[in-house]
Structures are given as C-alpha cells and as structure tokens.
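What follows is a single structure, and I will ask about it in a moment.
Labels run A, B, C and D following the written order; every chain starts at residue 1.
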C-alpha cells in the first residue's frame, strides 16, 4: 500500500515509539511495585492511536477508556505528569486523584472513564458542544470490541446518527474482554452492527498505522464538514493481556507455576461429588482448554503484528534510530523523575510516599 | 393471502374482539374517572397480540411493556381481576398493588414492566430458565419500536443470540414514542439492527392477524426446537395515541380547544425578546407543524388498518356476530362487577374506594 | 411579582437562562412538545428530543457540559434515572475530582418525582435520599413556584451538577400528562397543595441558593422537616396540631444536598421534638441523615419519621396510606413525648 | 471446621448450594475463569460468561428467578451495578409487591466492593447504604470467611433478593486480580486484615441469618459499629483505645438491610457513645440510618461517624486518609464526651 496522502511517517512513528516507551516505563514501574492497583497498557494499540491522532488538532475532543495513557501521550500531555499520576503522586496530572483509569486533560480536552462503554456517550456530548460552539471540531471515542455489548455505547451510536454529530467511534478489536473471548458472548458482526445504526463504517488493520490513518481520515474529514458520525473498526493485539499481572499471561509465561496454583483445586472440583454430569465437566474442561489455546495463539503474535515494528519500515533506519534515541531520552528522564518523586515503596497505604 | 396452516380464524378473531372490548371498557372507565393515573391501551395491537399468542400455550413466558392488558386477556387471565386491578381495587389481580403498568400473572407466567426496554432482558431470563428446566417452552418479549433505542433491550438481543435462547422479541412498531416521531430519533432500519445482532428476523403487518401468525409461528417453532432466538417486526397503528388523554389526540379531536390552551403561550414565546434567530423560531414552528401533520396522518387510519375489521373478513359474518355477542356479554359483566366494586369516584386519594 | 404555575415557573427560569446564555441547551424525551414554548423561542437546535436512551443522553450531557455547553437534561421521571444511574455515580459525581478540580460540570438533570396522583410504584418515587449520597451532586426539590424558578435559575447558573426534581403533584404539566388531569371526571384538588401548584414569583427572577432551607412556619413544640409536597402536608398537619395545642414549626429543606444542617439544628434546638416527613424510602436516605445531623450537633430530641416503607401501591387508598399523609404526620408528632 | 480464604469460602458456599439444588446457576463477566472451580464441577450451562451487558444480564437474572431458577448473578464490582441500577430499583425491588406477594425472586447479586488497595474512585465504592433503601433488597457484606460462606448459603437459599458484597480487600481473588497482588514487589499485608482474609469455616456450612449483627468485642465505653473491612479496623481501633483506657465494643452489622436494630440499640444503650465506621459515603446511607435507629429507640448517645466524604482518591496516602482508617476511628471515639 502506498502511503496515504498527508501521513508523515516519521511523525507517526515518533508518536508510536513515544507511546510504547511510556507504556513500557509504566509497566516496568508496575512490576516494580510502584504503580498501585491495576494497569491496563495500550501496548499493541499504538498503530490505532497514532493513526487516528494524526488527524486531530486544536481542541478536538477525546473520550478514552481504561487504556488511556497512549492517546494522551500521543496528543502531547506532559508525560512526567502522566507518570506521576499513575504512580500515585500529588504532583501528577490530576493531583493524585485520578490514577491511570481516569486520566483527565481538560486542556486537550480528553476525559477517561473506567466504566466500559462510557466513552461513547461522553464523546457524543462533546460533539454536541462542538457542533454548536465550534463547528469543525470533532470528538473521538475510543473503546474495545467488548464494550460494544454495553447498552449505553450502542445508544450513543444511535444518538450520534440521529443528531448527525461530528463524532467518530474507534473500536479497538483485541478479540478479548479480560479473560473472555469476545466472539463467544457476541452476536453478529460488529461492523454490521455499527452499520445498522446508520454509522459510516470503515475497517483497518491496527498493526498498520498507514491503514488506520487512511480509514480514520476519511471518517474524520466527513465528520468535520458536518456529514455525520463514523465508526472505525480496527483489529489489534494485546501481547500483555488485559492488564499487568493478567492471570492468562501468567499461565502462558509460566505454565508450571500457574498450574501448580490452579491445578489442585480444579482437579478436586472436577472430582467432587455432586454437581454436573461427566459430560458437563468434560465440556467445562474443553472450554478452559479452548480458551487457553486461543490465548496462546492471540497473545503471542506480538512481533509479527507489532504496529511499531511494521511502522519502522515506513522510514529509513537512520531516521527511525534517531527518533527512538530522542524519545528514549525523554521518556527515561520522565520516568526517572517520577520514580524519584514517589520514592521506593513496597507497600501501599498511609505511608507509601506519593506526597512528595 | 391464504390462511396459514394452523390458524383458527374464529379463535384469533375471538381473541382480538375480547382484547378490544376489554380495552374499550377500560378506556371508558378511564374517561369516567374510575381508572387512576395513566392508561396505555393496546387498541390497534390486537392483530399482533392475537397472532403471536395463538402459538403460545402451557407455561410459555411473556414479558410485557406498558401495553400489557391485551396480551393478558388473550392468554386467559381473568378479565374481572384485570379490571379490578386497573381500577385500583384490592380485589384486583395483584391486590391493588400493581395498577395497569405492572400487571403480573405468575400463573401464566407473565410479568409487565413500565420501564421501557425491560421486557427484553426479562424474557431472556425466562428463556434461560426454560432452556434449562423446561426445554420446548419459549419466552416472548413485547416492546415498541422506540424501546429499541434503550440499551438494555439491545443488550438483551445480543445475550439471546450469544446464549442461543428460546426467546422471541416482538417489536410493535407504532412509529411513535409518546409525542415523538420515532424515525426522527432513530438511526438506521430496525430490522437491520436486529439482524446485525444475529437474530432471525421476520416482518409482518399488524393489521393482518394471519400475517403475524405466520411470521411468529416460524420464529416460535424454531425457538422451541433450540434453533435460537427471533425478532418479529410488526407495524401497527394506535388511533388512541400514547395513552388516554394524549395531548396530541386532544389536539386532533378538538383543534380549537387545544389551540386556545397552547396557542397564546406559543405566540408569546415566538415573539419573546432574546432567544433564537428568526430562522431558529421558524424551524421550530415547522417542526411542530410537521409533527401535527404526521399525527393527523398516522392517528386517523384506524378503520382502514384496524386488525379487527380486517380479521372479521376471515370468517363468515354470522360466526363473527356470535363471537362478538358472547364476548360482549362477558366483558360487560366483568366491567360491571369492577365498576360496582370500586363504586363512583371523582377523586383519588384516601377515601376513594377500592377497598371494597 | 407575577402569579405562575409551578411547571410554568420552571420553564420560565429555563427560558430566562437560555435567553441570557447561548450555551444553555435542553434535551430529553418529548421535550419539544412538553416544552413547546421553549422550542419555538430557542429553536430545534437548543431544544432537542432524544431517543429513549437515558444512559447515553445523560452521559452526553456530562460530555457536553465538559466541552462548553450548559445542558439541562430532562429524564422525564426520576424513576427512569436508575437506567442511567452510572452517569450520576461514576461520572457526574467523579469527574471534577478525577481532574484534580480542573474540570467543572455545569449540568442540570431535570426530572419529575413524587406521587399522590396514583401512577404506581415505578413512576412515583423520590430517590432523592440516595442521589444525595454521591459526591458533588446537588439535589433539590422545590415546593412553590417561586422556589422552582429560583432554584432552577441557580441550577443552570452554577458550575456544579444539580439534580432538579419537579414534584409531579405540583406540576400542572405532569398532572395533565400522567394523571390525566384533563379529564373532567377527575378532580385532584383535594390532593394538590394550592400554594405549591401556583403562586407568586418575583420578577426579575431571584436565585434561591442551593442548600438553604426555608422556615415556613415558626413553632415551639415540634419541628416538622420536609420538602416538596411534604412541606405542604406539614403545613396542614401543623394546622391540625395547632388545634390540639401543639405548636409546630415547618422547615422546608428545598435542597437534600447540600443539606442545610444549621437550619435543621436551629429548629430542633428550639423544639426538642422533630418529625421528618419524607416521600423517599425510610431507610437509606434523607430521614436518617437528619437524625445524624442532630446527633452530630449533640441536639437531644424526640425523633420520628414519616416516610415510605415499601413499594408505593397503585390503588388510591393504599397509595395514600403509604405516602406521608397529614394523618400520619399528625399522629407521629402527637406521639412524641 | 476448616481453614478457608474469604473468596474461597464464598465459592465453597455457592458450590454447596449448586450441588444441593440443580436450579442454582451463576453468570457474570469472566466467571468461567474467575470461578473455574465452579465451572469444571458444574459445567458450562450452569456457569456462564456474559457479555459486558450488566443491565441485560441482571434483569435476566430477575426473569430467570421468576421462572424457576435460582441465579447468582455476578456484577464483578459494585461500582458497575449503577449501569444496571434500574434492575434493582424498579424490578428486583418491586415485582414481588406488584404481584401482590405472589411472585418470589430468589436472586443473589454478587459483587466485589470496597477499597484500600488503590484502584481509584470508580472501583472501590461501597454503595451499600443506597442499595439498602430499596424495598425487598437485602444487602450484606461479610467480614470473615465463616460469615462469607454462611451468608452466601443463606442468600442462595432464601426466596428473596440479596445483594452479596465481597469486600475486595478481604478476597484473595480480587486482590490478585485488581491490586496485582501477584507482584512479589508489592506487599499488602499491613492493609489486609488477617482474620478477614482467612479463617475457620464450620463444616457442614452453617447459614448466617440475614439481618443479624455479631458482637465482635464487648466494651462499656463506646460502641464501634461497622461491617466488612470496617469491622476489622474497629477491632484494631478498640485495641488502641484500650491502651488509653477506653473500653470499646465492636458490632459487625454483616447486613445493611435488614439492619439489626436491636443489636445496635443494645450496644449503644450500654455505652451511650457510638462511632459508626462506614466505607460508604457519609450522606445518604448507613451511618445516618444508625442515628435514626438510636433516636427512634430514644437512646441518647454521643455520636460520631467515620465515613467517606468524597470521591475516593487514587494516590495511596490520599486514599488511606479518605477511608475510615484506624487513626480516624480512634480520634472520633476519643473525641466523644
């Protein structure tokens, strides 16, 4: 595929690299016990985020889900402040009130909501405001494929069409919803579903930033001129699982260790008196095995489907290297500051830093 | 169209007549001040209800919306008890606790929910129970076209498909949602929407009970044998408006009277200083006028599209007359008892009977 | 001063706010027809009908409020808000805090509430007690046209989230719509508090501050504390109690959140007897909170509450008995030592 | 007797109930993996994963319960229940009454709740105070494995609706899942009450009745009333208070609704001082209700409450300060005259 008009591959690549490096810095901090609670990284979604973000400017709105770090990084939110927030510091982007699931940047504007599906109607609201106050501005909602079973998101598709709003819904299809294989709990095809609401629909491959860029551009341009909302379906892969410490990833990485933990109670339960028939139990085991096999297939395609590896090919190696070096320095600096600010901590609670 | 196999036109006609007569008795009681609160009649939906109900038997489940009287009448719930309940008597079907929006008949079983869209997931739940405990039984959800914008209903379509449930969603498309013309707030086509969830879809004309019967039969048979859920879209007309006392119906029936009430404040507001531009105001007036014209068109097709008038043609006039006479006697008796039980009342509140 | 009906007063305040500020818009189910006077003055871009999608259009109100508009989102009846409860609990209540205080949400959620006109247990709830639990959610329910207009004006002009509850028994629009008040065969006058349904409204409109209660009657023996229709029921009960030599004060809270703690404490400090009259459920809401306010202020008082103890039944006489009626209030007040 | 972890005890009770009664089924997001031990014993028809459609699958639980099943519907975290709140408020709470008492709804709604492990303001709420408002909704939150198993057994076996809240800090499953407790670099032991996370469970299981509180410590100077993790914080606070010569009793409510009014009154009648320790929001919930119970019973008492006063912040030290921690409890108790 020829590069789509308007795409600056160096800039897209820089955005993706920056996202990846920030995510890696944060997942490492998580592993080191410096990030409290959950952390849902956007690793694997950089192609989607960068491809869409390349079309946004000024005060276009973003409504984000639980994987919100990368889109903010891509739009230019101060990465040190993001890191401080995610590490639980009062010096963070949101004074330590938000944490990684709720990063808010009113200056973009961008809002994150940890309630699955909420990004849709929030973006719709932003689009109503833009339509009235700032024609030409768009609102973009990012959400996963599993979020499409959440009623309020479907409602928001309908509302966007009924009101002809400048909003674009970006569905990042990771095929998984935490530990559930989405196709098992989803009826029909998701793009058909979006189409049936009257949305303009495009598809793209998330490992190809240029593909996302082209498809998103089409939808965003139309939305800007008042031609109504769009829906972009993009495949993606999430090698790190749902969140850091994902039990399925643990299983894949350390089958023996995890089996030692999960195995005995499973064996006891399969054998327990009372309960399902032999075939019920067999069906259950098949279910689990199938899930494991699917995870093994889907979670391990990182390198082949990595949007960054693929994106690198769009420019010459020397420029790519320069970009990587520069971004590495910036991100390293930021995470160093953040780590120093919160200090060492092995425990959370009252005395665990962050005030600094 | 030849009569579909299995349809007993006399029985279908009897069901429709009974529904209509009960609804007429209740709307008259409402006008007489004997029915407290709102009353949403099912007048105009008899073809849908009878066509679907003809396939139900035993303990098939029904989940109903705010137009629940007719389906209960059609399934054989004691009509005196229904009337007593709707008139607010402790001798009613639900001891006076429910009222017309929440009629409950556990013996069918049938549950009504006044929350728009709730009938869908309730039926899905009943279907899960039937699937496990009583294979072969189905659950039917009745809902309006406007309910299809309620998230939980859309969620329930998906759930029904994902779990392959014996449930049928019957969409009674009246084109209206209270005073709102549904197409104005709805994106896409509703059958496309249902299809996109993976539902098996059929369409029928609600003024032709035989058409509904055929389409519903197909879906219900498949659901019974475990071949998954269905969606039936049926057009219908509601000559009485959304509920008794519907302001649009009042406007249509008595344009002068209503204009005298609504006119002056509207004129004042159109002229008021501050607010929209001249074209905003003109657009608003056009909006209202369009709505009025649409209502005039849709609300006055009663006789032409009346399922009962049409249904009568399916049998010979003598049998039809006999059915009408018998049902009239039964319904008259029931409403007389109900009226006598609650007594006269011009006011609601503490002393307004019902205890009798 | 001019005489207005209760619902008219609310719309009048919305119209004033809309005329004043282009960013004020309103949407909800059937608003174009129900608020046709707003529609024809402000046009269909600012007065919008929605699909029956409470979750989406409430959340959209939040999004719009965060992007420069000042939406008045109408949820028809408060009973339908639970469909969209997450918008209140998880978004409207939280986003200002999540943003570290940087993001205001100037949103009004407007809804009918309350009973007495016999619409059944899913259309007559109050739910204000639970709504008041969520941080940054103001909850008000006016009992007169003047308060209705004044509180709505405040609600639209504040940068915070306000749930504005119109009592359905007081609102001529809702009574016509839901109780079929249009029927000549039905007369609800004995149920509808005349002073609440119609009354004087100051012109130009005056804001009524959030969290400020109004003393409707001074009395020394017992304090009756309520809001909405309950405030009128208390006035009537006070009259009756007066007949038996019990001098009751009546405090109309107007806001459930913020709660006017000082006013509560002041009244009860005087009377040392209090009856909380609440159209919401007895547990989990306002009436308990009043008890806590008193104990926290260390005011010893004989306390009783008259509230809703279960599903509101449909049959008129059962409904009447279940709601905080005058007879129940009088009995509760008279029963306090 | 056997030693169990808290989450394990809940699943054990569910398994017992499922083995006993074919009509008990469970569904929710990711339950197949999270409750894999149930899956492999009872099969994929009785242990189902759902789409992220809380409204539909909760309402479906109601429909199923009305059609012969006894579902345990898991809403993952209680913070997500607001998405489906209408199912509770308008259906589960109402249908038995609407049916004139003819229709029972044997439904358990199971959800994690509560904080301390730093997951932010949308994943750590309690919300039990507001849930308790709705008629016919029982709400429980156990503080030990024995209560967890006993209350779950009761919940599944009763014909009523029970919201069963598992405190996320006590549940090894949720701590692993949500706090990343799997990390060797993180140690939450100082936050997790050991007696709550693990303990003895009687075998065969014994039902714990709904609405029955447990006195965890007898004391004569002040009553500390709480539930869930709060009960443990109170035990610790009682220890500290003991050091300064204040003898505290600790009452673990276990149920928010029905509330064990007698137990509350008994304790406070003795101590005449009470601190309500509540992980829910300060207004609109449990703590106010306790005040009302006392006033209704005419028990004069010095009262204070330690609850959540706003959005729970994310940063660990801010979160800790916002939750009802031992320091706050001790200060409140010591501050009572």
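We adopt the following convention: a residue touches a chain if its C-beta (ideal position, glycine included) is under 8 Å from a C-beta of that chain, and two chains touch if they have at least 3 such contacts.
Everything numeric in this text was worked out from a predicted model, so none of it was measured.
Q: So, comparing C-alpha centroids, which chain is the farthest one from chain D?
A: Centre of mass proxy via C-alpha means gives B as farthest from chain D.
Q: With respect to inter-chain C-beta contacts, which pair, A-C or B-C, contains the greater number?
A: B-C
Q: Please tell me the distance, in whole Å, between the geometric centres of chain A and chain C computed from their C-alpha atoms.
A: Result: the chain centres lie 41 Å from each other.
Q: On a C-alpha centroid basis, what's the spacing between chain A and chain B, in Å?
A: 43
Q: When the C-alpha atoms of chain B and chain C are each averaged to a single point, how far apart are the two points in Å?
A: For chain B versus chain C, the centre distance works out to 32 Å.
Q: Mark out which residues of chain A touch at least two other chains, giving numbers and ranges.
A: 92, 96-98, 102, 113-115, 149-152, 155, 158, 162, 184-186
Q: Show the residues in chain C shared as contacts by 2 or more other chains, in ascending order.
A: 45-46, 50-51, 53, 55-56, 79-80, 83, 86, 90, 94, 97-98, 121-122, 311, 313
Q: What does chain D use to touch chain B in their complex?
A: 23, 25, 45-46, 48, 50-51, 53, 55-69, 71, 84, 86-87, 90-91, 94-95, 97-103
Q: For the complex, which residues does chain B have touching chain D?
A: 61, 63, 92-98, 102, 104, 106, 109, 111, 113-115, 118, 120-130, 132-134, 139, 151-152, 155-156, 158-159, 162-163
Q: Taking the complex as given, what residues does chain D use to touch chain C?
A: The touching residues are 55, 79-80, 82-83, 85-86, 88-90, 93-94, 97-98, 121-122, 125, 127, 129-136, 257, 259, 280-281, 283-292, 294-296, 298, 300-305, 309-311, 313.
Q: What residues of chain D sit close enough to touch chain A in their complex?
A: So the residues of chain D in touch with chain A come to 15, 18-20, 29-30, 32-34, 36-47, 49-56, 79-80, 83, 116-123, 176-180, 182-183, 185-191, 311, 313-321, 325, 327.
Q: Quick one: in the complex, what on chain A touches chain D?
A: That would be residues 30-33, 36-39, 85, 88-90, 92, 96-102, 113-117, 146-147, 149-152, 177-180, 184-186, 243-245, 247-248, 250, 262, 265-266, 268-270, 272-277, 279-281, 283-285, 287-288, 291, 345-355 of chain A.
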